[in-house]
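Next come the structures, one after another.
You will see subunit A twice below: alongside subunit B first, and alongside subunit C after that.
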Partner chain A sequence: MEYKAPKEAYKGMVREVTIGKGEKAMKVGGENILPFHFFDEGSLPNPPRFALEVLDMEPAEKTPHLIEPFGDVISDPIKWAKKCEGFGVDAICLTLVSTDPAEKDTSAEMAAQLVKRMLAEIKKPLIVYGSGDEKKDAEVLPKVAQVCAGENLLIGPVQKENFEAVGKAVLDNGHVAIAQSPIDINLLKELNVKLCKFLPPERVIIDPLSSALGYGIEYSFSLIERVKQIGVITKDSMTMMPIIANLGAECWKTKQAKENKTQGLLWEGMTALSLYLAGANILVLRHPETLKSIKETIGR
Partner chain B sequence: MPISGSEIVKMLPGKKPCKDCGFPTCFAFAMKLATGGATVDKCIYLTPEVKAKLEDLLAPAIKLVTIGAGDNKVQVGNEEVIYRHEKTYVHPPGIAILISDKESEAKVNEKIKKVNELNFSWVGLTLKADLIALQFESGDKNKFLALVKKVNDSSNLGIILISEDLNVLFAARDLCADKKPLLYPITKENIDQAIPKIKEKPTPVGVRGASIEELIPLTAKLKEAGVDEAVLDPGSKNLMEAVRDQTFIRRAALKQGFRPLGYPTIAFPCFIAKDGLKEVLAASVFINKFTAVIVLSDFDQYSLLPLLVQRLNIYTDPRFPMAVEEKYYEIGTPDENAPVLITSNWALTYFIVSSAIEATKVSSFLCVKDAEGLGVLTGWAAGKFSGDSVGAMVKKSGIENKVKNKKIVIPGRVARIKGELEDALPGWEIIIGPREAAGIGAFLPEYAKSLRK
Partner chain C sequence: MIIIGENIHVIAKDVSVAIRERNVKVIQGLTKEQTQSGAHYIDINVGPMKKDTEETMKWLVTNVQEVTDLPLSIDTMNPIAMEAGLKYCKKRALINSASGKTDSKAQMLPLAKKYNCGVVISVMTDKGMPPEVESKIESIMDTVSYANELGIPNEDIWVDPIILPVSTAGEGQNIAVGNLEFIKILQDVLPGVKSTVGLSNISNGVPAHLRPILNRTYLVMLEKNGLYSAIADPLDEELMAFMKGELPAIASLIYRTMEGEEIDLAPLSQKEVAYVKTARVLMAQSLYSDAWLES
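And then the complex of A and B:
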């Protein structure tokens, strides 16, 4: 029996999505092979992108080895973002945690103004996450979309409770939506179907909710693998969107990451690498050293 | 590429059903063979050639290999799928620490102690590394043999012997042959010399090639000589190549049914990456990508735990979520004024919520609702954490008789079940708790105080 290298070729292709505009524009997706499978028949025009997360308020919990690389700028989101640019990121991810009614309940207008100011200051494309409170996000995210009209931000999370309000604002103001659903392929497809009734699928990125190592990563890992395979192998239109894995905050919430620096960096690094291998196109991290060691490990 | 019952039946005598195998017809026997429910020897009318052929066809696509002996043996291989969601991965990779005979005695002792003693409890399990790899580097045979002897005497773990010099390799093997060490490397240069020696005292071997193609004639030769426990090292030079090689080997074995590559694999992050953090990250790639034995140059508690947790997670059977029993649990020593909280029965949810409660030192009752092993939000989405069913669980649990305050805290993420739950639990007040377990610390002490007023 002769050995013939088992190369595979597939019929589907992840949609190529552009985030940001002009000099800041960044493309994600566009591959017709599985992640890291450069040996199969096909191409991966855009390697996975890495973003570092910035919060719009000083974090309540200050794990020393997590905030140390940023020094005193963590009280100033714009300076924090600029510092991140120095660490070789592909994008900045601003999370508007302070808008959460359970936090500072910052107004939509104030949050949107911050996004606008940050846009003017940074050179990398911007990802904007609301607090995750569906009701408040339905006020905050449309406002952000309007105030930054035409900037082609990546905005989310768009959830099944608020997809009409947020999705509409994303469409009208020329942005890209992060469609988020809780670790379930049917819920994920259902939301994409609803969203794509009015939003072109090239304006959607999937966030299947990422869990950290030891705290459910196996669910995120297998879900992302499946979404990618259903898209690329069976050409299912509603899963052929790029995937974002927003995992930094999840990792640094764990006791193990907070306890020790090496353990924290590995907790975040292994979670990120696993979801990268599963098929994430954008990975959002917190620690610049994680970013550096992952890039070196995969040889980029 | 499993063979089907209808293909097997063509190879059976099948003229007239004689039923000697215990099945009514050859066809029934063939169907059983195909699903692993019977063994070939039950039919006594097969020619030796057909019998051997059938046995070969029915053998697992990836050979089961055992390294070590007794309770600490490591079994790898026998995997049936490429992606874990297709079914499950079965045999978690063995994790080894590398000790060179060039290292100082203090360092050697430290490593032996670490690999023997470091262990972690995690969701009711104990996690540990499993193997010790010993590398001949000093050029001094006696020095290496002394190391092998020392490790053999001071640890029950399985051993991997690494030596480019065959004489040294087999001399070391003779010191610990009863422990079934893995001998590495068998290469195209040394295989002819090695085979008779391997057969003296059969143990598993590690076959090294400069490429996948180079491995094929080697495993064929071993098989012909009757040596069937092998692990493969395709000589990947970096992680990109490693993912390619691991993927090709797994696909060749499972999708092409290509026997010469139907073996588990071994990888050496210790030789690919030098820096500690990157080496562990590389090891984590190998855990994700099919590798069966992973050798690290060193680790400490902070680098080993994440790796062991990852191995556990990836090798968890996705068909059976880890779940805890539906009932109310007492955390601390709750009395009649203690808070009552409710969550779902996914083991992880329970683990996170109960440790968050424990950390507040507020004795509480935690009701756990069977959501078929799903988390709260996914459970709710799947209809397993609805107000009605949560209400029914609370009634059935008997928690009513344990507390004076009929108040129950529900996870903030499913605040939407409040109305339904109020209808299902007349007389109870429904309190919306924090959205995440992380918020319990800020919430619970104040709330508990309010119950005592």
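And then the complex of A and C:
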């Protein structure tokens, strides 16, 4: 008797979300299969995308092998971003760390102007992360959204403490929100439910928080896996959003990554590869050599 | 459904203060309220109770019995406090609770024989909480057969599968479904045993105003599967209305959800929609979040 492999068909589908506009536009998500289940009924129309992270200030932590590729541009975020484009990224991720009250407390207006200038200079779509300070982000991110109105940026993190202020600005100015919750599927869904009361779900991307190898990656892995399963298999509307794994900074915080270059690249690479396999749709890295080796590994 | 009134509970601040200050009025007030609301037992939960055990138990049991004719459920893990309470019970009491742990089998279970009373036995063992329905069944069969050997008949055993919060990330919903299954098959594996649950634990960790609907829906579901009794809040009028069969339309919506029917929410009232959504969460048909009624 001839063997016939079983073929699953799913009822749910990850929403296809567009980031950036015009020539810069990039689509993510859109799959109606579990990650890489090409043997099942359905497709993955948009392969996972890779971004490199740029900081809006010279990093305080100067790990030589992390700084090295950007040595000459490390104090100029726009040049830094342009250099990243040369490494074959799909998007640039600008993190406004300097706006953190514990850092330089840069004003919302100054931060927004930097985003606007960078937008004019780069050819790739732009992801903008605030400092993560939920109060300051509630000032900075709406200002960024206003100043760059209509540019369809991917803006976050939108957290449960500031989703109203940031989400509203994202909606009014035509952008996409990154909804972030602390590695907990129930809280993740709750935030999406609340956010989607006024923001269309096609304008939301999930950041489940990505932990580095050895620092809780198991939790991030199974959470991403579960979000995909619940979205694609059970068609839960509030988990059918693409996922961003912002892992570069987490990896380079670790003692192991700082110790030496080979180990650092492997640390970031293995973390990225794992979350890629779990189903992340956008992966944010720090080191261009990690990007290169990941792309070689997945062979595209 | 036998309701064991849960309101005399040492975790409640007014109760612990009342016990410490020997305030008869508070304790008797709670007893009367629960009796009038239709409870069948009064639970006296004193926690581990490390000091003045004998004297406190005597004070509590005597004063509660002064204002109610209901039997008592003595709720403590401490066998000394348990025996101190049982000594003063006028009606056939309930030991709440024993388990499959070595200590409990040695010290708690014999009290059921000695005082000729009912005993709640949980699925807990020395290894902790059995993770799956099958292992819960195995563990309770072991403990029940041990109790039988001590001379405690199945009719006096109230099996407790241990309810955990549905909101626990990851496993909470699956455990809720598993416990429904456990109650459903219990009579087949241990004919004649009774069953009980600590109902409000299902909604532990959930915002306070959302807890009652979870408790009520879950009790309706458990009753459908054959649950005999629950430690619950008899002062929740809607909960008691369900148990008296006064809300058959909503109960039927809950049953249909349990059977996997995809009920059209459009023609339903807001209240009916809330119960269907809650039943879906408790059946793990939709992922739990604190905003489950809003999505």
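We adopt the following convention: the second predicted complex is superposed on the first by the 296 of 300 C-alpha atoms of A that agree within 3 Å, B and C clash if a C-alpha of one lies under 4 Å from a C-alpha of the other, contacts with A are read in each partner's own complex, and residues count from 1 in each chain.
The criterion applied here is as follows: contacts are C-beta pairs under 8 Å (C-beta built on N, C-alpha and C of every residue); 3 or more make two chains touch, one makes a residue touch a chain.
Just so it is clear, the structure is predicted and the values come from calculations on it, not from any experiment.
Asker: Looking only at subunit A, is it subunit B or subunit C that touches more of its residues?
Answerer: Touching more of subunit A: B.
Asker: Output check: A:230 vs subunit B and subunit C. Expected answer is one of first, second, both, neither. What do you get?
Answerer: Once the two structures are laid over each other on A, A:230 reaches subunit C alone.
Asker: Kindly classify A:87 by the partners it touches after superposition: subunit B alone (first), subunit C alone (second), both, or neither?
Answerer: After superposition on chain A, A:87 lies in contact with neither partner.
Asker: Which of the two partners, first being subunit B and second being subunit C, lies in contact with A:298: first, second, both, or neither?
Answerer: After superposition on chain A, A:298 lies in contact with subunit B alone.
Asker: Scan A:184 for contacts with subunit B and subunit C and give back first, second, both or neither.
Answerer: Both partners, subunit B and subunit C.
Asker: Going by the contact rule set out at the top, does A:197 touch subunit B (first), subunit C (second), both, or neither?
Answerer: A:197 sits against subunit C, while subunit B stays out of touch.
Asker: According to the stated criteria, A:215 is in contact with first (subunit B), second (subunit C), both, or neither; which is it?
Answerer: first
Asker: Touching A:238 in the superposition: subunit B (first), subunit C (second), both, neither?
Answerer: In the superposition, A:238 touches subunit C alone.
Asker: Jot down the residues of subunit A that show up as touching in both complexes, subunit B in one and subunit C in the other.
Answerer: 184, 187
Asker: Along subunit C, where are the residues that touch subunit A in the complex?
Answerer: Interface residues on subunit C, with respect to subunit A: 167, 169-170, 285-291, 294-295.
Asker: Quick one: which bits of subunit A touch subunit B in the complex? Just the residue numbers, please.
Answerer: The contact residues of subunit A facing subunit B are 1, 3-6, 8, 36-39, 102, 132, 182-184, 187, 213-218, 221-222, 225-226, 229, 253, 255-256, 260, 262-263, 265-267, 269-270, 273-274, 277-278, 293-294, 296-299.
Asker: Please output the residues of subunit B touching subunit A within their complex, sorted ascending.
Answerer: So the residues of subunit B in touch with subunit A come to 83-85, 122, 212-213, 216, 238-240, 243-244, 247-248, 251-252, 255-256, 258-261, 273, 275, 277-278, 280-282, 284-285, 288-289, 300, 302-303, 305-307, 309-310, 313-314, 316, 318, 348, 352, 355, 375, 377-378, 381-382, 434-435, 438-439.
Asker: Would you tell me which residues of subunit A are touching subunit C in their complex?
Answerer: 184-190, 193-194, 197, 230, 234, 236-239
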